[in-house]
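Every chain is named by a letter (A, B, C, D, E, F and G) in the order it is written, and numbering of its residues begins at 1.
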Amino acid sequence: MTSGLLFACVGALLFVMGVSGVLLIRHLLRRILAFNLMGSGAFLVLVGLAQRHGVADPVPQAMVLTGIVVAVAATALALALVRRLHALTGKLEPPEADDD
Amino acid sequence: MTLNEAMPLAVLASSLLPGLIIFLLPEAWIGRRTVLNLSGAVAKLVLVGVLLVGVQGGVDYGFGYAVLPGLDLLFKVDALGLLFMGLSASLWLLTTLYAIGYLEGAPQRSRFFGFFSLCVTATMGIAMAGNLFTFFIFYELLTLSTFPLVVHRGNDKAMNGGTVYLAYTLAGGALLLIGIIWLHQLLGHGDFAHAGIVTDLDPTYDGQLKIIFLLLIVGVGVKAAIVPLHGWLPQAMVAPAPVSALLHAVAVVKAGAFGVIRIVYEIYGIEFAHTLHLLTPLAMAAAVTIIWGSLRALFQDDLKKRLAYSTVSQVSYIVLGVALFGPVGTVGGLVHLVHQGIMKITLFFCAGNYAETLGIHKVSEMNGVGRRMPLTTLAFGVAALGMMGVPLTAGAISKGWLIEGARAADMNWAIWVLWTSSLLNAAYFLPILWRAGFRQTAPPWPAEQLARHGWRETAWLLLLPPLVTAAATLAVGILATSEFSPLAWAQFIARNEYRLVVP
Amino acid sequence: MTGLEFPLALFLLTNLVVALLAAVRGPTAADRMLLALLFGTTGVGILVLLASAGGGSALVDVALVLALLAAVTGVTFARRAWHAGEKSDD
Amino acid sequence: MIELVSTLLLSVGAFFYFAGTLGLLRFPDVYCRLHALAKADNLGLGFILLGLAIQAESLAAALKLVLIWPLVLAASATVSYAIARRADTLGIKPWRREER
Amino acid sequence: MNPVMMIAILRRGALLSFLWWILTEGRRDAWVAGFVAIGAALWLSLRLCAPRSTQISVGGLGAFLGYFIWNSVRGGVQVALLALRGRRALHPGTLELQLNLASPAPRIFVANVLALMPGTVSVRLNGKRLRLHVIDERMPIVAEVKALEVLIARMFGERV
Amino acid sequence: MKRPVVIPAALLFAVVLILAMVDLAPPALDLRPLVAANLASSGVAHPVTAVLLNYRAYDTLLEIGVLLLALVAILAVSESVPTTSSTSATSSDLLLPMLGRIAAPVMVVVAVYLLSAGTSAPGGAFQAGAVLAAAAVLLHLTGLLPGWRQPGVSLRWGLAGGFLLFVGVGAILLLVEGDLLRYPPDHAGVLIFLIESGLTLSLGLILAGLFLFLSHDKGDVG
Amino acid sequence: MTDPLVWLILLPLTWASLAFPSGPGRGAWLAIAALGVQLMLVLLLVVDVTESGILVRAVGGWGAPLGIDLAADGLSVAMLLLTQVIALPLAIYARSYFSATAPEGKYFWPLCGFLLAGLNGLYLSADLFNLYVTLELVGLAAVGLVAAGGGARQIAAALRYLFAMLLGSGAYLLAVALIYAAYGTVSMKTLAPLITAEAPVVIWLAGGLMLAGLMLKTALFPFHFWLPPAHGGASAPVSALLSALVVKASFYLLLRLWLGPFAGLTAGAGLLGWLPATLGALAILWGSCQAIRAQRIKMLIAYSTVAQLGYLFLIFPLLTGEAALRAGIMQAFAHGLAKAAMFMTAGVLIKATGQDRVDSLAGAAQQLPLTMFAFGLAGVTLTGLPPSAGFLAKWQLIEAAMAQGAWIIAVVVLVGGLLAAGYVFRVLRQGFLLVPATSADTSVFHPLPRTLEWMALLLAAASVLLGLRGVELMELVSLGGAV
């Protein structure tokens, strides 16, 4: 197994851990962390799998850099929302689903 | 676009445009609204008159364009359509006059007349539809434009009536739609044509065609109030009288009956429908409806409800006429489309007059009303007698042709149905006339709202329309053999449908 | 280039993962804060090793940036600690 | 010669990283683990940076590597204090030997 | 321009240029960007801290660094050995002591640096009182802290 | 309640995915020769930078848009009325300001260095912007820069300026060269450096903004 | 303006990033003017595509697979048209809706601009990774709009929305990674011939991830959980934008992938289409029932969106014929126009009465006849009654279903229409109710700018009038192979 493939496998694990976290964790800050874990997993798969035969490929590397910036933006927005929710309700968990 | 293409559009526009403009008029602009209403109605009557002459002379009026690839919005003016258009155009004018008088001072008149005009537009569209697609569009448009009229009073009772009305008509529309699209699947189109369009199909499709027939008839049967699809009609009585008149005599139930005619004659073709054994069940359904409606009418104390069940019964005369194989029955059904309209609108106008003038809503309150409102009662009497089929009235003509048609089609049981119905008609109308004319007046009236104006018993805008229609009830009966009578026109149509000599 | 750089980078990565898991496991919230320490020190170590293992000198720059960011993170932490302290203790 | 020294330094560095992780796993409470991470890992990084610096192509490149160390140290020092303080605030009592 | 400013510009400019030289690893083609960088940094530096306010003694810094590096190694080695032997080798405990430094900044500096020194982690600095966590109570911690204090005081130009 | 479903499903997915990845044959297409062949006309020396700022510069343009957008969204979410004064250093705090005074200029140098190195190394504007942002954050944390609430006009132009410059260059190239962001090979280097310089400033402000706009209310949420 | 295609992306990006420095609440006129230009650009593009079938632009002059291709065919131009046609009146509405100091309108214009740029970019992109970026642009802008100036409830809704979006795009991104690994390209055009029924397992996984991610983003049942609070909680112009346009983007992308790069998989596996279709059917039933039960008017409309989106997914098993695609696009138009109008009327009603309960609408038909009429027209479209675009969609969908013997779909469509009538007429019924002026339930109606009412009516009328002439749109959809 090449290191690229190893990275990709670790990425796959991180991804499913992240997804599970986003789905299962109620604490919002940890859920944001889980989302970042998920994103990192996808990035690792993208870069790792592309160089599974040992040679680096600049295209997925650039894509990952783009993806990281997007993830940072999303994380910042999520944090802003969580802070606002915290300021308004004093809680760090989403209120129970309220469908009218 | 040629003039002949523009004519159908002009017919639609003559009510659509005034309707849309009226929506935007402030409530207080009564004069301008009235002018718009009446000029639209008159223009439409004139246009229909022109078409009448033209079609008899063999001119083709038609217009169509593609809405979707392979799917056209198609209008054509034929004799059958004109029968319905003539009825609607004339009665719209009268109903508009009546409604102006009836709603004087009531709220939301702009909205009312706006939807009223849309409603007539839809009726015209139904009459001129050249294919099932177009028919369906206007058929549903009719539902939509009548809903605000039904709930116009804005109270809970009106809302419930409106909800029931919608539930029935939308469900019926859904079945109709399925039937129409299914036919499109088989044929690639749904154009109306003499002698039908399904005859060329392989016999293996007969089963499917029967199901489609059922879907289509149930779809239009809701509006035609064929038992057991009639439940909405008595409920919709909560609407103001002009609306009831419109629903019962002109627009809604007639749209259903007209749909039955189009489907039987111009989709299936009467011959093919006969071979598929579709006509007898249809006639049976009509017969059941005729008897059931009359029986229910018998036990209604509410005048408008009694009239409503009477409508249920009478509209199925048309269906019965259609289902009687042979030209004679057809003529009977077609002519009743017009005759029932004239008579039933008279009755509703009169019922509205009683309610609006004296607050009378029930048969039991009508004692001696004939002396207080002699002209209204006279009109009511003429129409009621017509309904019973008394000679010299419109009803006599229709019933005569229907009975002859039943005999010609070898369906003698239908004759019994018609006679029974006539007896029942008498049983629920004569007591009313007797109360109105011969029982002692027992004032005060439930709620006298309009005082007597000199010789007039009520506002002239309320009085004039029923008098005109009552006169028409007699005129079309007495002058049935003249050239432009509804009967003559019905014979003209039947000749086309059967392509043979019609007596 | 001693040839040892890449294996050592992998070794540090393993170390990091193990330590991450241990830190995440807790048991206290303070234990989880240890993550902040881990990323800076071990991350920089991995990056400089990779740079030397043929990843290009650019990775040294990345390590430098990571170290700078770690320092800023440290200051962020420090402010929390000191300011909270001033309020409650001083 | 340089290569040999470098190998030695790198190995020592890796050893300290290993020791840090080991401490993290084996030490009984957060304060002790803090000792392990704050000291061992940083020393490990120092050795590794030194090991790489001596084989750098230029003086500037070597200095660049060495420049990294104080930055990381500063971070570690401040973060350590913050963590210990936080643990104290949370009321976490330091682990003590039972026999005394 | 006053001479203090002049000297400050020269000193800081030189330091920043040295930094640039390190960063670019001595490449010559990068100096155009370098002038921009140094100029901007110099401007910022002068805005943030006016000349003259530098008080850190260079000699003090050197002495401190030597002490610091040596003790870092000691601390690392000690912790590594403890980690290898496991918790049976541990004799942790807490220790409260009084700092002698007058101003708060050096005190905070001491508290931070102690995290990297052998055997200690600062837990809480409360005015002059410092609570430490020590990994081995048998070590001469107090003396070492005193020594560190002296060095830091020298660096900050303070008398203990 | 969700746990018994999610975790086994996730594990199953991971196992299948890993097995499938291990089994994967080499790709049909290899972009590396293409990347390398056009590097000379791309205006930059490093392949990753060439992808980021030339071959797939459109991605990067949109990505900056995402970042600016996130900042605007954060401003839209945050309360408009100013809360009480933000954290600033107290007088007893001498060490931190000193750190800020020394480190911030150093970070500026590093930022410019990263920007100039960007053409031959991955990143460029992004790392540079991040370091600038870190400098701003550091200055804020050390009490030398007040917290940001609602940005003023010049700050808003600064935040959006880099992106506008990028869009502007793209638009001009569309008009002149006929394709969005199609650099003429002779001027590619200059144009890319121009864009990157603008981006560095704006990215620095945006990233700093992500922190400073977020940090103003009382906020110890962790 | 040499090239309408690229300007459709650059223009909104420009006005979005100019509106931000202009200041809080500013930028409305700039946006409206630019949207007018965008509408003209789309019309130019329609002409271009009609002439040449498909337009391709190589960004940076590189072309796929090294660079990113932009491509416009009938399908994408139709979606672009829908977007601009709705956006312009909506912008005029929003300008009147947000008072100068409204906190929820503070950064509406830049966020709206980014959202529209993202949508246009998405419809024009032919590159899987670039599509990921546009998806994020759209998603984050939408979340920002939902949260803007909101209270706790709205923030919570926005967070739920955000996590749903991020999960969706995360799945999409992993799929892109797998596809790149397998084929070495992310260009849709290059991929289309490469992906066949014999594709490796990772491609099936990638397809599944994309399907799941995009279904989540389109709020297909049971992934709809985020939609009602988000769309029901935002301010009216935002709800309109989201319900009418944003959810369509992910649907479009799914359709595009299904017919394009993944055609090799989807064509082979005929049963695959029944998965989205089944969920779509459940969405119709569930969403409609929830709408019928909803107490708050915007919740009702939001649940209606859940239901109406279901129709879009009914087409997937039928996509072997062109009719189903046409039905889907017609439904997208019908729902887009009508739902935008409906949320706009809801905004008027809520602003006028200060309440958003269905019960508080009594008397509305009298006080705000234009608005109630607009609501009715929009309701006609949603119910699929003729003459309306909704009816044409329904007609084509039933026809396509029957042509392939998929009776169940025809039945679902009809039942869905009746259920829609249930919730639409519930509102109308309440609006037509006349309450005596003395009653305590009577809402007080405050005067509002007429622009609000007219813009809602404009879109509602458009949703109906399209039902009278759909042939050009349907022919447009088929241009350029639409795949």
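Keep this in mind: a contact is a pair of C-beta atoms (placed from the backbone, for glycine too) under 8 Å apart; a residue touches a chain by one contact, two chains touch by 3 or more.
Computed from a predicted model, the values in this text were never measured in an experiment.
Counting hops only between chains that touch, chain B reaches chain F in a minimum of 2.
Per-pair counts of C-beta contacts peak for the chains F-G. Chain nearest the geometric middle of the protein is G, using mean C-alpha positions. Chain centre most remote from that of chain B: E (centre = mean of CA atoms). Mean C-alpha position of chain A lies 27 Å from that of chain G. Here the spacing of chain F and chain G, counted between their Cα centres, is 30 Å.
Chain geometry summary: the mean Cα position of chain A and that of chain C are 19 Å apart. Each of the following residues of chain F touches two or more other chains: 13, 17, 21, 24, 31, 35, 55-56, 59, 63, 66, 69-70, 73-74, 77, 92-93, 99, 110, 113, 117, 122-123.
Within chain G, residues 129, 133, 136, 140, 143-144, 147, 155, 158, 178, 180-181 each touch two or more of the remaining chains.
The touching residues of chain C, when paired with chain D in their complex, are 1-2, 4-5, 8, 11-12, 15, 18-19, 22-23, 28-31, 33-34, 36-38, 40-42, 44-45, 48-49, 52, 57, 60, 63-64, 67-68, 70-71, 73-75, 77-78, 80-81, 84-85. By the touch criterion given at the top, residues 23, 65-69, 71, 73, 107-108, 111, 133, 136-137, 140-141, 143-144, 147-148, 151-156, 159, 162-163, 166, 170-171, 173-174, 177-178, 181-182, 184-185 of chain B touch chain G in their complex. For chain G in complex with chain B, the touching residues are 326, 365-366, 369, 373, 380, 383, 385-387, 391-392, 394-396, 398-399, 402-403, 410, 414, 417-418, 421, 425, 428-429, 432-434, 467-471, 474-475. The touching residues of chain D, counted against chain C in their complex, run 3, 6-7, 10-11, 13-14, 17-18, 20-21, 24-25, 30, 33-34, 37-38, 41-42, 44-45, 48-49, 52, 55, 61, 64-65, 67-68, 71-72, 74-83, 85-87, 89-90, 92.
Interface residues of chain F facing chain C in the complex, by the touch rule stated above, are 46, 87, 90, 92-93, 96, 99, 103, 107, 110, 113-114, 117, 120-123, 127, 130-131, 134, 137-138, 141-142, 220.
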